[in-house]
Amino acid sequence: KESDLRKRPEIGVCTGLAWTAVGGEIMHIEVLPIPGKGKFITTGQLGDVMKESAQIALSLAKKLCDGKKYVKVFETNDFHIHVPEGAVPKDGPSAGVTLLTAIISAVTGTPIKHDVAMTGEITLRGRVLPIGGLKEKLMAAYRAGIKTVILPETNKRDLEKVPDEIKDKLKFVFVETVKEVIEEALVKDVDKKG
Amino acid sequence: KESDLRKRPEIGVCTGLAWTAVGGEIMHIEVLPIPGKGKFITTGQLGDVMKESAQIALSLAKKLCDGKKYVKVFETNDFHIHVPEGAVPKDGPSAGVTLLTAIISAVTGTPIKHDVAMTGEITLRGRVLPIGGLKEKLMAAYRAGIKTVILPETNKRDLEKVPDEIKDKLKFVFVETVKEVIEEALVKDVDKKG
Amino acid sequence: KESDLRKRPEIGVCTGLAWTAVGGEIMHIEVLPIPGKGKFITTGQLGDVMKESAQIALSLAKKLCDGKKYVKVFETNDFHIHVPEGAVPKDGPSAGVTLLTAIISAVTGTPIKHDVAMTGEITLRGRVLPIGGLKEKLMAAYRAGIKTVILPETNKRDLEKVPDEIKDKLKFVFVETVKEVIEEALVKDVDKKG
Amino acid sequence: KESDLRKRPEIGVCTGLAWTAVGGEIMHIEVLPIPGKGKFITTGQLGDVMKESAQIALSLAKKLCDGKKYVKVFETNDFHIHVPEGAVPKDGPSAGVTLLTAIISAVTGTPIKHDVAMTGEITLRGRVLPIGGLKEKLMAAYRAGIKTVILPETNKRDLEKVPDEIKDKLKFVFVETVKEVIEEALVKDVDKKG
Amino acid sequence: KESDLRKRPEIGVCTGLAWTAVGGEIMHIEVLPIPGKGKFITTGQLGDVMKESAQIALSLAKKLCDGKKYVKVFETNDFHIHVPEGAVPKDGPSAGVTLLTAIISAVTGTPIKHDVAMTGEITLRGRVLPIGGLKEKLMAAYRAGIKTVILPETNKRDLEKVPDEIKDKLKFVFVETVKEVIEEALVKDVDKKG
Amino acid sequence: KESDLRKRPEIGVCTGLAWTAVGGEIMHIEVLPIPGKGKFITTGQLGDVMKESAQIALSLAKKLCDGKKYVKVFETNDFHIHVPEGAVPKDGPSAGVTLLTAIISAVTGTPIKHDVAMTGEITLRGRVLPIGGLKEKLMAAYRAGIKTVILPETNKRDLEKVPDEIKDKLKFVFVETVKEVIEEALVKDVDKKG
């Protein structure tokens, strides 16, 4: 299934945690740069808030790459962002970190670890804001076989509601900024693992 | 009728399987590159999800042609995608593989086998996701005289609900990626069959 | 009246057959290329399906002119398509052949016979699909003084519901492709008749 | 008042006849070419049908000027079409001849007679189609002091419902094509009258 | 308050008279040319009719500057038109003269007298049409300390409903064309007063 | 939380005061210039009035930078304005001063004091207009640890409704123009504090 654990590190795909009416689930956000002039395409029946979230991620990614060789990638490509499954409406700001990480991965060609999942709203200056549905999201991560979960620092207090058996199986990384997210999620030594 | 079996391999036309309120039917998705600048036109009363599906197919086709001589085709053409019949509203993500295959055929000039039909949602990195209405779609393929049906690997389990008389007459190809779809659907030796 | 028989072959005007709530009638679809960059303008209160139909006709016309001297006409003109009368809403796919023929006439400068009328949905690869309201449309053609009616091959079976007195006065041309339509409708020897 | 008779021939202003819920009235359609690239602006709370009517008039004006020195005017100007009064919604196709004549006047710099009024739908090939509300429109023309009224040939039969005292005071010009309209409405000898 | 009398002549700001559900009030229409390519921006929650009014004012301003050195200003700037207060919806055509005068002031760099207020619909050829709510508008002008009010000639007859104490304190200038408005409102000797 | 006091002066982030159904709160408006051509992007579920407010701030910022070296920044960048939190709808004109100050900071690279908050509608010529909810906004500023609050001069009279304990802890700066706002909010000696 689309919600299964990814099998290996991949470029331009990042695993997020979603909270829906029927519980939590993992989702794989896909980013594909295609030759173009910086146009921005989203598919996957994204709602207004999530589309804005993707827009913030794109602007922030440009800022993070400012002054580096990757700047060119933004000027000579359109960015297509897709969130499977295509017929399921999605919304909310909590995929911010996932969208950003997928874009950074696609632009730099660095794979994202397949056993890491994340959730968190982002702001334009790179702060990570708290999200809802933590318990449901962590249960979904646990079920899918995720090893490490990246969470907003400000959600730390919500961990107490999460059952110990789940907390014992997952490694938590609490972050305040997107730089911490990227540091944790991207494969470091591309030559060996990528 | 538009839903009749095609008579010979053609370029830019791919046979899909649709599931409607009144059962399954086959449909011929048409792709026509016309001199332009990469604009994207869809007709055939496509709903939002199906339009996004076409957008995913177009981006993915560009990626698959990356580094090949066909890249130029995308830059110097608009892509018109039509799904007859024109007055019938259509929607859903399951035409993803059909849309992609039709585009690849049109871009490369390789004919698509006329007795092959297919169904499956696609993602931006080329995975094929499961679809609904398998039984109805296979009955339609059978009635139309289709020989080979390409299906998502994850729909294999649904085959048990399909009557043996239908299963005996059709060859099934289960796929996980769009590359497998294209491999199966395009005519190999164009000089002889095209 | 606008629904009267045209008096002589004209360039860029094609007579179609429409089926409305109050019966059938003939309509004159007008196409005017005006200096521009390939923009596409429709007027006449066309509904979504009919606008898509015009879009299909335009793409198909470009394909049919591919490799001929007329290709330039599409690049250096906008195409205005109007269907009088301006205040009457119109919709449906059955004007496809009429739209295409009017465009081909305007682009090539070849007049269309004034005593020929037609109806048929078109697809992007030039197939002609069946239409509804055949009896009403033929009665309108008969009343208007039309001599020849071009119809989809797949509507042949519907002729039996049409009164003999009408069938006796009209010549029928059944077609499967748009090339047959154009062959029949355009004035052959422009020098003599145009 | 805006609905008063104009005092002298002017360039880019043409007097039309409108039929509203409260009777007929005359209106002055204004066309102003402003340096630009052929954009098309309409103001005056025009409805969809009337906007399309203006679009038809613009395309037809371009065709009529084809091959003449005025062609350049269309390429180097935007065309602003305004119908006072600004807060009153207007719609319908019957201002077609008025819109066309105002554009032709603005483009060629030829004044339009101030005591001529007109009404009639236009088609893209320049035919003039019948309109409604003839009696009310003629009474408005009579009250405003109009001398000559240009009408569609096909409205001739409706004249019998118009009171003799009005018919006796107005000169009628019945037309089938827009060329007849322009011939009648534009001031001939610009040097003397313009 | 925003509705207070302006303290001195300013460039690009013109005082209008509005008529709302709670009586009349003065408003300061602001125009700011910013480096650009002739785009047209309106803010202040303007309704459709008022946006069209601004469009008419812009076209007319271009015409009035035709052949003068100011033509360049229109080509190298975007025009932002704002009507404070930002949260209050506004509509209607009667700000036409105010919008035009503010644009002309901004383009030519000529200040507008601060104790002059105005109201009047404009047409594309520069005629000034009558407005409603004259009494309420004049009372607002009087309360705000306005000295001179520019009004449409055709509103002269409505003055009789205005109390004498107000009429005695205000100077009235009745106009038929926008040129009379501009003549009255702009500061003549810029060197001394600007 | 996003509504916490910022910890140090930052570039492109300005603290505003908002008034919602559940009381006042502080918000951090973020502005990020990204390489582009002057496009204008807003995110944060802004309503129509607030989007217009951002548009006014952008135009005014361009005017204020006119003739200075910063003009180039507007031509070579797109401006992304975000107001966290992303899922909370926001509207109203009172963030005008905050939007403008954030843009000026981003364009000039001058940090904004972190213990200053502000509220006030702006007009296109730089006037600061009164806002509502003063008491609730000041209580939020007080709770968040803000030291200085910039307010419209015309709100001075509303201070009497504010409890003394709050007034004693905050420094008030009353302004009539945006220049006063910028003077107060930007860090003066960038080298030392930035």
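Here are some notes:
Note that the chains are named A, B, C, D, E and F in the order they appear, and that numbering of residues resets to 1 at the start of each chain.
In the analysis below, contacts are C-beta pairs under 8 Å (C-beta built on N, C-alpha and C of every residue); 3 or more make two chains touch, one makes a residue touch a chain.
As the structure is a computational prediction, the values presented were derived from the model and not from experiment.
Steps from chain D to chain F, minimised over paths through touching chains, total 2. Annotation of chain C and chain E: jointly contacted by D, touch as defined at the top. In the contact between chain A and chain F, the residue numbers used by both copies make up under half of all numbers at that interface. Superposition of chain C on chain D using C-alpha atoms only gives a rotation of 60 degrees, nearest 5.
With every chain reduced to the mean of its CA atoms, the largest distance from chain C is reached by F.
Inter-chain centre distance (chain B to chain D, centres taken as mean C-alpha positions): 53 Å. A separation of 61 Å divides the Cα centre of chain B from that of chain E.
If each chain is reduced to the centroid of its CA atoms, chain A and chain B end up 30 Å from each other. Among the residues of chain B, none is found touching two or more other chains.
Starting from chain E and moving next to chain F, the ring of contacting chains follows the order E, F, A, B, C, D.
Residues 38, 48-49, 52-53, 55-56, 59-60, 62-63, 71, 74-75, 92-93, 96, 121, 123-125, 127, 129-130, 154 of chain E are the ones touching chain D in the complex. Within the complex formed with chain D, the chain C residues making contact are 1-2, 10, 12-13, 28, 30-32, 34-36, 41, 43-45, 80, 82, 84-87.
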